[in-house]
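Next come the structures, one after another.
Next come two complexes built around chain A: one with chain B, the other with chain C.
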Partner chain A sequence: MVEIGDKVLGYATDPGIRNRGASGGMVTAILAAALERGLVDSVIVLRHINEYEAVPVITDDVDEVLASAGSMHTVPVNLAKYAAGRKVAMPGKPCDVRAVFEQAKRNEIDIDNTFIIGLNCGGTMHPVLTREMLVRMYEIDPEDVVGEKIDKGKLFFRTKDGEEKAIPIDDLEDAGYGRRESCRYCDVKIPVNADLACGNWGVIGELAGNATFCEVMNGKGVRLLENAIESGYVQIEPAGEQSIAIREKVNSAMLSLGEKWSARVFTEIPEEQRINYYMEQFADCIDCGACKEACPVCTCDEDSKCTMYHSLADDYKMSMYHMVRLLHLSDSCIGCGQCSDVCPVDIPVTSIFRRFADPAQKKHNYKAGMTLERPPFLEVMLK
Partner chain B sequence: MKEEIYQTFCPGCGVGCGLYIREDPEGNTSVDFMKSSPANLGKLCRFGMKVPYHYSKARTMVTGSKADIEDAIKAAAHRMADADSVTMLSVGNTTSEEHMAFCRIAETLGTRVDTGVFPLPSQITSKCGSYPEGISLDEMEKAKRIALFLDPYVQYPLIVRRLLAAKRNGAGIVAVGTKELHLADETLDIGPDRYDELGLDDKSLIVADIHPNSDPVHVKQLLDLAGRCGAKIHFMQPFINSTGVNLALKANGSMMALAQIMEDIEAGNIRTLVTLDSDPVELMPDAAAAVETLKKLDNLIVISSRASPVTELADVVIATEPVYMKAGTFMNVEGRLQENSGSGVAGIDAMSLLNGELGGKRFDYQQLHYIFMKSIGDPGTDVGDVTADKAEQMECGSVDVDNAGSSVPEGMYQLKYLYNPFMWFDQKDDNDFVLIDRKLVKKLGLKKGGMVVLGSENGKMKMRYRVENIPGGMIMTAKKIPVATGPNTIISLEGC
Partner chain C sequence: MADNREWEPKIVAFCCNWCSYGGADTAGMGRFQQPSSLRVIRVMCSGRIDPLHVFNAFLEGADAVLVTGCHIGDCHYVNGNYKTQVRHQFLEEMVKEMGLEPERLHLNWISASEGEKFANFVRDVTEQIKKIGPSPLKPEGVN
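Let's look at the complex of A and B:
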């Protein structure tokens, strides 16, 4: 019997899934069980293309779910938009989960039909920069890599010949590699807004590396986990006090590191320089619209306020597109970094939007994407 | 039927940006980001974001009526076999393998394939790069001084980040003869006689482009400049496989510029034209004039993956699958060979059948792939991250140039096309305006939100305008417009 608030250690019962999946394959097994027993119609997973690339797919094929096992820190996608309009189960980093909630506030996603297995996240990395980092920092041929993990502040890579090499993440980030900028200052590491909050933090002793710590956050979480247990996909045991304490300790350490990065990135800009700051930041914009398209909380269609008020023929020093979006996203930006990733001229869009949104969100004691209980402060919630 | 996901490349220019095309069970397509793509890190420009609009499927037709593929191939073969001579055009909008198939047909007919780009000069003093594959885009970031002879923001947006990186690395950037660019330290309105003032040396880079409507005189001037100062030149190119087709063709000899082909059609010297994913109506600066010229052909045979104006004019259309579905490779502007995930060979099968009908040998994808790989280097090399290393070094140096140029009469203006992906494919965008200088706004007494009237021998038209700092006497536009008669057109301008 599973109850809300339970904290358990679990793993896939199938040795194949357990070995292939990260931390005992529990997340993969729960997703497969949800699909197989009809809890959902489809599952969102990453179809692996290579060690550095995967593409989100929506599948009703249990085998494809099982084949997706394994974490990929170098695939920084956000899955929320793929859930719209479906009865679906999905894994989700905290930013995926937060985006699902923002979509739900705007009636794009039915939260009751969206089952989310949250994944603890210390951050993701850009695939191309990771390859470059492997050559320059690790002196490893990227093609030789067969696995990676983050543990105790270090980033490990395992190669074909079984060797493992680790470098402290701080060193990597000082050299311009490592986690994406938005991940560095992210302030949600355990997805407590998901239905299940899973990860390897707190898995110790004999189970270390072979099991997942899972916290049951709500009724949907209970259904997900019970379904997986009843179908024989997953086996669990209660998490001990030490496991719980270690998980919290890791979380605190990660949050503390995030705060330091936040202070480093968001240095104060004098009031009289702010307008120039925003104009200069966006001065190289080529009006591609990718930041809107990639934004997992934007629910507007192609014709939306930011695009309709904007014309390439305008000669404003900062386009209406950006001005509208800065305002529009100030109550919904979750800082996921997708806009920065896809910006073709490398504008740090996420940090600019966070800089603009943070004061307003702090003033309203509001953190976007954490709950449906609090409506957006600039608009009416549809739910 | 499930959603299909294709790993492919943006057809908008020669950068070769990796992307995903998602095709839902109803056939609707959308674009998704491929962040592991080394050419673009998943980033896309405005055209790339709108690329699903680009894939309007062509229909197989014979003399204006829908036909099945076998009948269309027979009709095409009949017309080609009966023609005195056949001109074949493939500018680089499809895979290397399809291009090689097209070349096999040319061989059977005893003719050649033209890419529409004029041949480069061969005078020598020093080596300044290679063509058609240029330097790597990473190398662009390491140049100490960069002279830009194009507007990267509008024309090749994915090199903006490379130029900005170069600037962060300490490069000085000078823009020449274009509008004021935010990333440039200075913008100079100078002619070739003053290019030595650019302060370039052997650690510098000249960035320009070569396309079917390039001015060969200007290209020669740039090569001459590079030869004098020792700078490298990187020529951007407008089509997904411009580099591949020009590289493959290098081994086969001469190339004829598109304008020359159109002149020869106009003069009656070319009576049969066969195109492979190349639409002269879209490519030529004056679309209406191009239509009239193509109507003079006895035979216009179009092999195409997409519907476009030329498919409406053609005697025979052999429709192939969209580019994203094709099996095959593309070579980007830095010489990187990239491979589609698609397995479609309908285009190759159609051309194989056509070659057979013409008395040539049939072929398949694997043979063509081998031939292409052999033409660019080691045929045993795996595809995926191959950089062509067999291209000839571009030779720079003292070049005889007809430097007469065209003078702009008093009271008239020069309308310059800023060629960009939307323009090459005449695809709709929010670009129906001209760029004019602030002084001109004052001179014409224009009001905010007003219009200007542009006039040429082709007539008059109204357009919106945007104010920019641009060279005096010049008007620019990123949209193909009816008053233009060439890449540069002398026009009148009035306020309204």
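Let's look at the complex of A and C:
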């Protein structure tokens, strides 16, 4: 029936789910089916609070899963840590999936029991900045917004009186809004390491806007999709040549845009100025430890090496906490941007960490979080 | 202190109990001339040296850090120095990215009989550090 490597277009059979979901409600339907038929014990979804806020919940209630339909571009939470120790299904952006793999390498997550529906991701937005952007750029009250979507390089916001306003994302980003910085230069847009890679790229013709393009990546993906079809939640049809080509085209366009951003963000700092740059940036640190708490690849508990050396009283020129973390993450940083998001003093933590992780990972010809085959280098096992 | 004495760098060397510490001993017994810039810290195995010991040495005012251990294959604990080697690759990369001169961090394998090698190594590093001056991470008020 379904085989590994299949590329299909699918949508939820239930019209309610189909309308509420972002593109045909397929992901919601697959998650609901997995839960209903006992493929998993629980599902991780985002419970909507408002347009800018949602909380991750681990639920065994099918209604809760169905209620979570619809995309949230302004909730850049990483779900990986919630999957630990459970038999779950979860939706995931490429960075969620990569974080799950990094957790699995450190024996926190059993990958065979974790079903991941990957979502194509061009980027997410910071909720606080989005509200600011709505006031400044769109000139609409953030509270009036009832929906958002990203289409053809433009960001649309719909207000409750039914008006729609769009501004090209490039313009927003030049003004410092739009996607989070780490998303702009992200280099994984299609989650090829997930079990199913879903997204609306490549959905054309009359299905556009209410079907999902889905690629089956592995055996768990087959089980997820077959289960959803058998239970009558999802209907699929094979994707045409044209769909596949368009999806590829969107992907490569996004990736080349990402490369441009990467060159823009990571301007070379002359070697003699580097140490001063880092010392200045980390001098602002208030030792709150939020970047470690939010980090989805960190598997250390509370008493970890980095936090042991948190001290505001030392006279060190650079924070020992950050030095330990910089080394520790140089083999595992996935560049998800969580640390920059939570930093209360706006240190560009993610881009600093990428500056260290990129050369180290390139040197070992390694990309963190893509497969289970390469071990974490700093915990290398010798046989 | 305003004096005309030449600035003497501070070099911290982590030496493993079984090889390089013995090497340092041999260097002394063989009366090989060594600069007085060295502070030796004995550890049981080079695999014990956590990168954070190295950072701490720098932040406490070391101008250079030497990590030394047994030759590959000779480790008293079978594979401790392989682990040191893996860590060093990442540490090296990090020191480079941070903008610290690569001369400030060295990894070297020295056996207990290689006293002369140890002395030469320390002398070389001291010369290099004298050329590039004090470490930018040295805290205020530390010489």
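Quick note on the criterion: the second predicted complex is superposed on the first by the 376 of 383 C-alpha atoms of A that agree within 3 Å, B and C clash if a C-alpha of one lies under 4 Å from a C-alpha of the other, contacts with A are read in each partner's own complex, and residues count from 1 in each chain.
To be clear about the criterion, a residue touches a chain if its C-beta (ideal position, glycine included) is under 8 Å from a C-beta of that chain, and two chains touch if they have at least 3 such contacts.
From a predicted model like this one, the values you see are computed outputs, not experimental measurements.
Clash-free side-by-side placement of chain B and chain C is the outcome of superposition onto chain A.
In the superposition on chain A, contact of A:315 is made with both chain B and chain C.
Once the two complexes are overlaid on the shared chain, A:242 sits clear of chain B and of chain C alike.
Contacts of A:342 after superposition on the shared chain: chain B is touched, whereas chain C is not. Look at A:284: by the touch rule set out above, it reaches chain B but stays clear of chain C. Of the two partner chains, chain B is the only one that A:49 touches; chain C does not reach it. In the superposed model, A:371 lies in contact with neither chain B nor chain C. Contacts of A:57 after superposition on the shared chain: chain B is touched, whereas chain C is not.
For the three-chain overlay built from the shared chain A, the minimum Cα spacing from chain B to chain C equals 8 Å.
Overlap of the chain B and chain C interfaces on chain A comprises residues 314-315.
Touching chain A in their complex are the following residues of chain C: 50-52, 55-56, 59-60, 79, 82-83, 86-87, 89-91, 93-94, 96-100, 136-140. Per the touch definition, chain A reaches chain B in the complex via residues 47, 49-50, 52-53, 55-59, 74-77, 126-128, 131, 283-284, 286-290, 293-294, 311-315, 341-346. Every residue of chain B that touches chain A in the complex is listed here, in rising order: 2-3, 5, 7, 20, 32-38, 40-46, 48-49, 153-154, 157-158, 160-161, 164-165, 182-183, 429-433, 464-468. On chain A, the positions that touch chain C within their shared complex are 269, 271-279, 305, 309, 314-318, 320, 323-324, 326-327, 330-331, 355-356, 359-360, 363, 377-378, 380, 382.
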